[in-house]
Amino acid sequence: MKPVVIRNIERADPHGLDVFGVSTVHEAMGRFGLLKPYMRPIWPGAQIAGPAVTVLAQPGDNWMIHVAVEQCQKGDVLVVGCTADNTDGMFGELLATSLAARGVKGLIIDAGCRDVKALHEMKFPVWSRAVSAKGTVKATLGSVNVPVVCAGVNVHPGDIVVADDDGVVIVPKKLVADVAQKARKRNDDEDGKRKRLASGELGLDMYNMREALAKAGLVYLDRAED
Amino acid sequence: MKPVVIRNIERADPHGLDVFGVSTVHEAMGRFGLLKPYMRPIWPGAQIAGPAVTVLAQPGDNWMIHVAVEQCQKGDVLVVGCTADNTDGMFGELLATSLAARGVKGLIIDAGCRDVKALHEMKFPVWSRAVSAKGTVKATLGSVNVPVVCAGVNVHPGDIVVADDDGVVIVPKKLVADVAQKARKRNDDEDGKRKRLASGELGLDMYNMREALAKAGLVYLDRAED
Amino acid sequence: MKPVVIRNIERADPHGLDVFGVSTVHEAMGRFGLLKPYMRPIWPGAQIAGPAVTVLAQPGDNWMIHVAVEQCQKGDVLVVGCTADNTDGMFGELLATSLAARGVKGLIIDAGCRDVKALHEMKFPVWSRAVSAKGTVKATLGSVNVPVVCAGVNVHPGDIVVADDDGVVIVPKKLVADVAQKARKRNDDEDGKRKRLASGELGLDMYNMREALAKAGLVYLDRAED
Amino acid sequence: MKPVVIRNIERADPHGLDVFGVSTVHEAMGRFGLLKPYMRPIWPGAQIAGPAVTVLAQPGDNWMIHVAVEQCQKGDVLVVGCTADNTDGMFGELLATSLAARGVKGLIIDAGCRDVKALHEMKFPVWSRAVSAKGTVKATLGSVNVPVVCAGVNVHPGDIVVADDDGVVIVPKKLVADVAQKARKRNDDEDGKRKRLASGELGLDMYNMREALAKAGLVYLDRAED
Amino acid sequence: MKPVVIRNIERADPHGLDVFGVSTVHEAMGRFGLLKPYMRPIWPGAQIAGPAVTVLAQPGDNWMIHVAVEQCQKGDVLVVGCTADNTDGMFGELLATSLAARGVKGLIIDAGCRDVKALHEMKFPVWSRAVSAKGTVKATLGSVNVPVVCAGVNVHPGDIVVADDDGVVIVPKKLVADVAQKARKRNDDEDGKRKRLASGELGLDMYNMREALAKAGLVYLDRAED
Amino acid sequence: MKPVVIRNIERADPHGLDVFGVSTVHEAMGRFGLLKPYMRPIWPGAQIAGPAVTVLAQPGDNWMIHVAVEQCQKGDVLVVGCTADNTDGMFGELLATSLAARGVKGLIIDAGCRDVKALHEMKFPVWSRAVSAKGTVKATLGSVNVPVVCAGVNVHPGDIVVADDDGVVIVPKKLVADVAQKARKRNDDEDGKRKRLASGELGLDMYNMREALAKAGLVYLDRAED
């Protein structure tokens, strides 16, 4: 567990996954890779996808985020995991200015964030566990671009991060192309379904659920409950 | 505990309770029937009232919500309780499309919700315990239109659900007319009080609290605290 | 622990601390005095500073808030602590009308708040632990203008409260002038830093971190992680 | 929602359900009726079953528990629900002394409990949400022997409460005989299974899972993971 | 907020408050001063009272606990508050050995504790927010013997700390004698009440509650609920 | 994310790490690898170390635990991660009987456990997130012996799991020998320190902290605080 910065990581291509959004990508993945739902956007409406630059940070210490900035390229998403549960405001306007200058698309941090008003005005998107003005020190090393657990999911550097108002999902490098294809197919299918449901067709019929429900033992009764 | 769907429930008339809002209705009820405050709107500003169609669902399984759609009528509010604490995204855009096509006013779900951006654009209101992209299966039966516990309150099918930015309150069928009358009276009273308070009159005087406070032993001291 | 109302408290001058915001003030304080991050604004965008009028309330009982209104002056911020964890809606539109009539800038309450839509429309800012329509009684005394613990921080009457979208910080009376000076200096410094970071300069260089990182043992490796 | 005490409730016979324990009874019920897992015994080892005398109490107020004592008979279990989340110590040694004098088997309370050392010495079992010394008032009415929601489950007076170290389950009056029969059968089956598993037979074989697993798509690979 | 160690604090005499236990002392105080109920003993059965030596510590940093040891005398109780929520194991066997050598009665820490098995064997009592093996650094100063907020209560050095299986209560220096007297009286009263309740007398009668209940509107009904 | 069972994993040798306990091993690791502190033993006193057999399970579904039993050998520790937060009782007496028959040392499960009384009597140790009687289905596949995130830590099959009353720590395969050596050294050092501290020597002197404290700016004052 030596502190280390890995410089030349292999980045997956996002394959346009930001178009589909988190719920569709998560389904296309087979329902894996979703960060815990306590991870919320600090302002609504952003939708991004890009390769992860990862940070393993100590609670209450944002030193390694400063180190990670230099490893970021245009299109990246910074992902910060912590060695213990923490809500301190490890990230704010100055770091966002620095990341934005490098073309970074956003931040995923399993800790707190501050300067939310300024970040909203800058349109720099952040998904975090908390908002907190609590300042942090720069005292203990962690690592950059090693695998990190962020909000319950293991993230490897270069994996594709997809985030929107529904949350954050991680697509491992070698699955991206396949997931993108499945997401596109799922999306197309949903367009058709949406029209049918909007016209009043029931999901019970559209998905042919009636037989399975009856077989499972569902009973319909015609009297009022009281 | 056989899985069952009750078809012809008796629906209370909402008596225009959406006009008054949750806080006023909850007071008019005698301070009963309020769902726990973790139930929050996924977008602000909606205010609804309508009879409950109830769902008892299994955690991580939205099969019974599909079943319940068919039981919904124009003006209804769908109420989903769960057999165990769960934050999975059991409801999203397609189900909302189907409910909206039937004239359903909104959803109350003691679990997660997804596609929040699309639901906001559709103006379909949802009060939920969480936002989560986590998909669900369709594997285990529950029931529709049986009494369910939702966020700590027992809801009978046909009871009136009132929801706004302050939360969700349930008015039992036989109390609706009485509660509506009391809510109206309370509302009228508050208009007068608001004007008096806005003009600078103190609540201490308006509510005649000074004597009771003195009797309870409250002491006023004239020195600065330090 | 006799219930008491202290009338003539000494109020600190806010020294324009609302200009700087909570994160800057908290740093200028040496990272003390921040309320726990569960305290959130009920609507975004407000930024206030003013001397605290303090309330020690019983859970589920807002009697002492009514008492406290009379002790408030133009520019004050009302701060409510509770003798036990509680989320009941102890504050709503009528009390806000009364406080606004006296020129009070806002409310900090370690409990619940209701009528959030009306409070937003009135532009009366509230930072609270929860939103809840749960009504409260007026049955048990507490105190006004005694020191209270609010969300983990001890607040003395007259201390300066600073609150914005990042949270709430308390500046003790005798530190205000010094904190204001440090906050101003910090703010000026950040303007310069922001420009340098926006132009692409790295925090690693701007803060001279490279030597300290190397000394602490950070190692850079040039191979891809997998 | 008038405050009321119902005197002559119909009590179900417990049918010896305390013998089987909560997990077995919950399974025999079809996996319904289990209180949320935050309900924990204040001391380990007790195992009880008896008809519920129910209390709907206000948070921080134990007046109705005093009222309920008179309604309890030998063999009953007292079940207390609360109109809002609360951890105050609403029950202690004196109330336990009174209940024990009447032959009550134990207490289930969705709030706090105190005097745990004394209760342990008395061998009076309590399942609660919290331990807290916080005292309570006797100020606001609730009801006795009305249906109450306790830790997420609706309890009717006279329903059978089963509680042990695994938690608490509620068996509705009319299901008790059937559940007892199923619990007995399940228990007998488990005796046989336990012996087979102890001898080394695999559940995979005993439950004939291999075919279903293969059909669902499970793949076995023979290389080491790294 | 300069880091400081105050050496010669004034210690209150505990007045034998350990005899009465936390619930009785909390009542005698008028129901103030109780730490939040998440503070739990790491092993059951200890009951202590003594003057507080206070520590304001940084999360994840136990440097100031080491500093505080030197300020402790025989009979003291060490009380540790933290500038942010934290569960790291800031205290373990070695520090306990050092405190025990000085005759310190126990530790109250609003953070984590480790080596619980060893601490139990040593019979050194600890009340903490969590058990965690997470190690801490010695990097940032805090203070010793300044007022600290610990689990929601403001503690001044020298105040009397009373702790047992029900939790922890703080008695301010100048109230100790009065509280001790009231606790003794309360204790004596409870002995009498316990006997009457054990003999079957109802609290309803012993406390003369029937009239007040009737006046508040409580109604008794004689039919079975169903 | 195909469901898979890896059969022939490489197991690290535990190097006697159970002797040292979790806190010492966690320190010897450089303070990494500790599971979140919500993971608690269901009965106190067990202390184990062994190679991990890992399970990725679906919430509320213990099918893959049944599959995993066959992959376990004498001395293994079963580690179960879940694709979403869940407290259902996914493990009980029958599965424990089966694991015990194979010589498995214990279970680490980021979900619920039931039959705690029976498990205690069998002396089968379990560290879990919750105790819950809630039964689970056998419906959806997961995987066995793939890397899983359990309570915030990534666990590879064959890594050494160390668990005791302080929690659970994971030692990656290639670090075990080194960690064991450091743990032994640390243990020996602590024996000496314990004796010195027990004799009254201060940590301030034993660790030579006084100079660093003075340099960091700690000030000692000789007047009483009030």
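Each chain gets a letter, A, B, C, D, E and F, in the order it is written, and its residues are counted from 1.
Everything below uses one rule, namely that a residue touches a chain if its C-beta (ideal position, glycine included) is under 8 Å from a C-beta of that chain, and two chains touch if they have at least 3 such contacts.
Predicted, not measured: the structure shown is a model, and the values here were computed from it.
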So which chains are sitting against subunit B and subunit F at once? A, D
Rotating subunit A so that its CA atoms sit on those of subunit F: what angle is that, to a multiple of 5 degrees? 180
Centroid of subunit E to centroid of subunit F, CA atoms only: how many Å? 30
If you average the Cα atoms of subunit C and of subunit D to get two centres, how far apart are those centres in Å? 42
Give the residues of subunit F touching no fewer than two other chains, as numbers and ranges. 31, 34, 84-85, 87, 134, 140, 147
Line, ring, star, complete or other: which one describes how these chains touch? other
Chains that touch, pairwise: A-B, A-C, A-E, A-F, B-C, B-D, B-F, C-D, C-E, D-E, D-F, E-F
Show me the residue ranges of subunit D that touch subunit B in the complex, using the header's touch definition. 1, 29-34, 36, 83-85, 147, 149, 152-154, 175
Touching residues (chain side subunit D, partner subunit C) in the complex: 58-60, 84-88, 134, 137, 139-140
Contact residues on subunit F for subunit E in the complex? 21-23, 26-27, 31, 34, 37, 40, 44-45, 164-167, 169, 190, 193-194, 197-200, 202-204, 207, 209, 213, 216-226
Would you pull the subunit A residues touching subunit C in the complex into a rising list? 2-10, 63, 66-67, 69-70, 87, 89, 92-95, 97-98, 100-102, 112, 114-117, 130-135, 138, 140-141, 145-147, 156-158
